[in-house]
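First subunit A sits with subunit B, and in the next complex the same chain sits with subunit C.
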Partner chain A sequence: MNIKHNIESDRLTFWEKIYIPEIAKGLASTFKTMFQPKFTRSYPEEKMVPSPSFRGRPVLVQEEEGGRCVACGLCSRVCPALAIEVQPAETDKEKERFPKVFEINMLRCIFCGFCEEVCPEEAIVMSQDYELVFTSQEDAILPKEKLLVPIKNLQDRLEWLRQYR
Partner chain B sequence: MNVTSKSQIEEINRIRNHKLYKELMSQDVSLYMNDALENDLILNMGPQHPATHGVLRVVLRLDGETIINAVPELGYLHRGYEKLAENATYHEFIPHTDRLDYISPMSNNVAIALAIENALGIEAPPRAQWIRTLVAEMARISSHLMAIGSTCLDLGAMTVFLWTFIEREKLYDLFQEICGARFTTSYSRIGGVANDIPDNVINGIRKWLDEFPALLKKAEALVDRNRIFIDRMAGVGYLSKERAIALGASGPTLRGSGVPRDLRKDNPYLVYEQIDFNIITLNDGDTLARYMVRVKEMYESAKILHQILDKLPQGEVKLNQPKKVLPNKSEIYTKMEELIHDFMLINYGAAPEKGETYTAIESPKGELGFFIVSDGTGQPWKLKIHSPSATNLQTLSEMARGSMIADMVVIIGSVDPIMGEADK
Partner chain C sequence: MPQIIIDGKLINADNGKTIIEAAYQNGMDIPHFCWHPELSVAGNCRMCLVEVGMPKKLPDGSFELDSNGKTKVQFFPKLQIACATQITDGMVVNTQNDKTIEAQEAVMEFLLINHPLDCPICDEAGECKLQEYAYKNSSGESRFIEEKNHKPKRVEWGPNVMYDAERCILCSRCIRYAKEVAKQDVLTFVNRGDHAYVKLFDDTQFDNPYSMNVVEICPVGALTSRDFRFQSRVWEMSFTDSICPGCSRGCNIKIGVRNNQILRLQPRTNMYVNRYWMCDYGRLTQYPFVNNERVTNNFINVNANFQVANFEEAKNKAYELLKKFKPGEIMILGSAFCTNEDNFVIQKFAKQILKTKQLDFFQHIDENFKDNFLHTDDKTPNTKGALEIGTIPVSDGFTAETVASNINKKHIKALIIINDLLEDDHILFNAIDNLECLITLSTNHNKYTAKSDVVFAASTYAEVEGTFTNIDGRVQHFTPAVVTQENLSRMGMKMSRWDKFGAYNDHWTQKDKRDARPIWKIIMGIANLFGGNLNYKKAEDIFIDLSNHIPSFNGMNYELLDTHQGIVLNQSKRPDPILVNYVSHYMKP
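Moving on, here comes the complex of A and B:
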């Protein structure tokens, strides 16, 4: 038999054993808690504002003359979820290559931030964007146009990366 | 064998069930008696039962309401992480460990980073070690909060669950400040941690820590002198000291049976040697003892956190060894040498010497170990995960025998199994 006597139940006092004061105590704490501030947030009205350390949707940094990405393919190599596809193409501008195709499959992405960590050009960073809703699987594969975000919207994250990484 | 036809699947199911029932019937075969009232009842609990904490299936053999035998069946959440590891570099495997024990991802990250570092023969700089200890202890608190909360919820005490969840939520907010994600942290790296912790976050942790023990006490006071709670917990699911050791239990399950084993003291890793704390053991060996071990360990962890915050040194958080550890971002942008190392490390991985290493830490659930067999390349030849939940679940039949069927949820809750880790 696996029942062993535990002395703890003997240590209860008489009042604890008859249980009625306990009910009163429980109700008292219920009433007290009713007037305390709520901990939850009513989400769609009240948005969470993430700190710069937050890892949201990965995006490409867009400067005046275009993206920074040189299509080295390192991010797509390191991605543990195999979410990134990069196809390079040659240009005659001062940056020698650029990504002809750059796609991130947001259904695969696990927001690990490894792509940002390895990119040698600071071209892909994690944004603060956490509201990701898609209506079809095709919508969830984000092409280059949807990934490019102007650099001024990403200043917080870039600043944080320079300081703490 | 390729499983293609339906009959093959049925055959596999038949063999599996046969094994289960054989184990269930190990003592006698009164199931086969003719009189219906004399028969034992076989009851499947799970894998979709809300009180089994995930997808655990337990097959119970009942005599009336008394459990004669219970056999846990694992594997419903098997995702093949050990095999996945063989096809990823060590670095790429780090995010996968978040999904092992998904209640305390931070300590899994620490465990895999320590295991890889051990295999590579490197050691992270002091500040990184202290930060890892810090996040591992925070993970312990968040895991134990979940454990005691859900134990109380299984018994119908919903308030405790909600209150511990508030504390856990605050911890997750801190995790988000530290590393950018609440749940899937992926914070430790080979040779250090992903990023330094800003000072304002350290202050945030301190502020939370000052309030935490009082709030925990408040939540605990709801049940700890409650007669119903104690009657349902005390004496239920007894596991003797000898059997706990023999079955390979670890963590609070082992310490609740009075065995003072804790890897933080027995085989100090990180900076636990420089920290003053006690191992909590209780001798009763029942569900109440395991519950109390967890509660008391949280106070102990809070004590550890205070010491860490006071002693946290300044300095680098990543080892400067470009052949094995990813260089800092500023160096990748400006220096050719570092850029090349970045490419080499990502493409081929950091390669440990040929050989085998085993590294274990005391995770909130018990001894979490990684056994790495390296063939000298950047990917492990074999990576075995010793998960505490899997070994602790082996004690389940021992605890369940002789209890009532209603006690089963309490017993499962007191083991605190996380199926993501048990099934890998």
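Moving on, here comes the complex of A and C:
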């Protein structure tokens, strides 16, 4: 048998073997960082503002005259996780259709953004809301009232979509 | 028999057929909007333009050959419409070459000039002929930048049909249907050119008993049913083939289900029964009772209080109640709403196991309902089957008509009512109080279930597998569309994506899964307590037994019934030939 020895103690030099210079190096790094400015954010007092490309909680755009959604059901169809349920109904408005029920199950949602991409009315967009804490499974199914967000709060994302989609 | 060549394929077709008919009977689909096999040819959509040619003949009658020795084909200088061009021997048709594709793209561009491009709002999306051809036969570009025409929207044509003139592509199918099939000539085109639309004559309504068929034949979303309008996307539903139980015609239907609720019934082509059509009565009345006011559990009446019971408890209670009586004191009221399989088990239970002579069913005859198209005078789906299988009294047993008087005379002390509403029968209802024991097998709550000692939750036609025998003796097979706890794990159950993959905490899956059973399972359960020793696992087992025992059913099985779209009694050796069914437009997921 022709075994070549390559154990750690053979590879290390004497100074490396006694560790003391390495400890000193490490401590130097620690002390250097101690006097540099801090960048840890004190969440939740201090909150992160994501960029418009961030895909947070999907929401429905609410204009002054009501929601944009026409309940075409494409978001529901494209959703790979079956998070969206839409039930249409008829209205007297020019766009004859509106969602009677629109629910997103946030436990199912995987934030892929397909619903936003497929939406022909630009009615469902990914918001910058990332604070998703629920105390029960029932709370995690968001009804239409909780999903509707005024359009002025979503300008960043809509602008970004217009530019990059 | 003329031979023609379509796209290089040699086809034998009957004399007098048009190109489009010859093509669909051989499995080729030439794009078209206005043509329908049951209606006259209008030829106004121009979508079916094809290149048509004939071999070139020399003055002596022989064919001119080219340098390779093949016959030269002389094509018409302009394209012809396939729906109005009759075939002749030797005809050559091209449906796929550059010239026809260019023509199809041009037609599509013209149609889409004024057709609103709001598929997300339109209800037809997913089963729209225009949408389908826009993908397959259109260049996908429009040079039209001007404003589209505006026309009347939401026009009520009648109690069941709604018209949207903007979406209309003026194929005139509805006009021809109203005139030729429904025989109510109230529709016509008004205005000219791109301002044209379909209108009712003044002071008329399209309120024919068959009016809703225009919704199916409309190639776009211009005509919608006011019942189903904006209820659901078609791709969110599952469609199961079934048979309409509204009358003894036995129209072939498709049941559309979402969230375990029936949302619509549609006709299914069967050239031997209902052709392409179905009546409004069947469409509108034959599904609400499946969704609403159902008996969702078995109940036992304990001191005038109804208690929910599981099936074991309910059938033991029924057995205890029934065994106190002599067989002659028990009357079983079967039903023509039950399938052939149910009737077979019922008559077996009555005649062989319980050994009572009293077995009959009420016929629901309504002469006013009959017309000369699809409606029949018998408003139950399976009278013929029930009579054939023998849900009838033995020798001098009591008939259904004498039930009430025999109850009052105390000849009948226990009554089993199986799957029949009998809402209008006041004489029987008044006699119920004189009974010592009433057991009902019911799908819906009614005034008889309220007075029963035991109520078994029965499945409706939409939840069971079975066969109905229609007025012409045609035995037709159908499968369940709606899920109950009993058929949940049935192989081949059609469910939409949402229904199939939903979890317990999804809101849409929280619709009832009812604890209902097919009639034959309930009867079999009771029969086995009486020592019946019946051992059927599924409806097919009963049908095999039935076809072996009842001579007119000999030789039938479910597979044969499906392939031939039903077989007439005694005709299993010579079933009707299998036809190629024309499908106008169907759901594309």
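The rule is short, and it goes like this: the second predicted complex is superposed on the first by the 148 of 165 C-alpha atoms of A that agree within 3 Å, B and C clash if a C-alpha of one lies under 4 Å from a C-alpha of the other, contacts with A are read in each partner's own complex, and residues count from 1 in each chain.
In this text, a contact is a pair of C-beta atoms (placed from the backbone, for glycine too) under 8 Å apart; a residue touches a chain by one contact, two chains touch by 3 or more.
Quantities reported herein were computed from a predicted structural model and do not represent experimental measurements.
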Using the touch definition from the top, say if A:Ser53 reaches subunit B (first), subunit C (second), both or neither. first
Please work out whether A:Lys17 is in contact with subunit B alone, subunit C alone, both, or neither, and reply first, second, both or neither. first
Could you say whether A:Asn105 touches subunit B, subunit C, both of them, or neither, answering first, second, both or neither? second
Between subunit B (first) and subunit C (second), which does A:Glu85 come into contact with in this model arrangement: first, second, both, or neither? second
Broader residue contact with subunit A after superposition on the shared chain, subunit B or subunit C: B
Between subunit B (first) and subunit C (second), which, if any, makes contact with A:Arg77: first, second, both or neither? both
Of the partners subunit B and subunit C, which touch A:Gln36 in the superposed model: first, second, both, neither? neither
Where does A:Glu122 make contact in the superposed view: on subunit B (first), on subunit C (second), on both, or on neither? first
Subunit B/subunit C common contact set on subunit A: 72, 74, 77, 120-121
For subunit C, which residues are in contact with subunit A within the complex? 118-121, 123, 125, 153-154, 229-233, 235-236, 497-498, 501-502, 505-508
Subunit B touches which residues of subunit A in the complex? 1-9, 12, 16-17, 19, 22, 26, 29, 39, 50-51, 53-55, 72, 74, 77-78, 80, 110-114, 117-118, 120-122, 126, 161-165
Mind pulling up the subunit B residues that touch subunit A in the complex? 88, 91-93, 95-96, 159, 166, 169, 176-181, 184, 186, 194-196, 198, 222, 225-228, 230-231, 234-238, 284-286, 288-289, 326, 328-330, 332-333, 339, 342-343, 346-347, 398-403
Provide the residue numbers of subunit A that touch subunit C in the complex, in ascending order. 70-74, 76-77, 82, 85, 87-90, 95-97, 103, 105, 107-108, 120-121, 137-138, 141
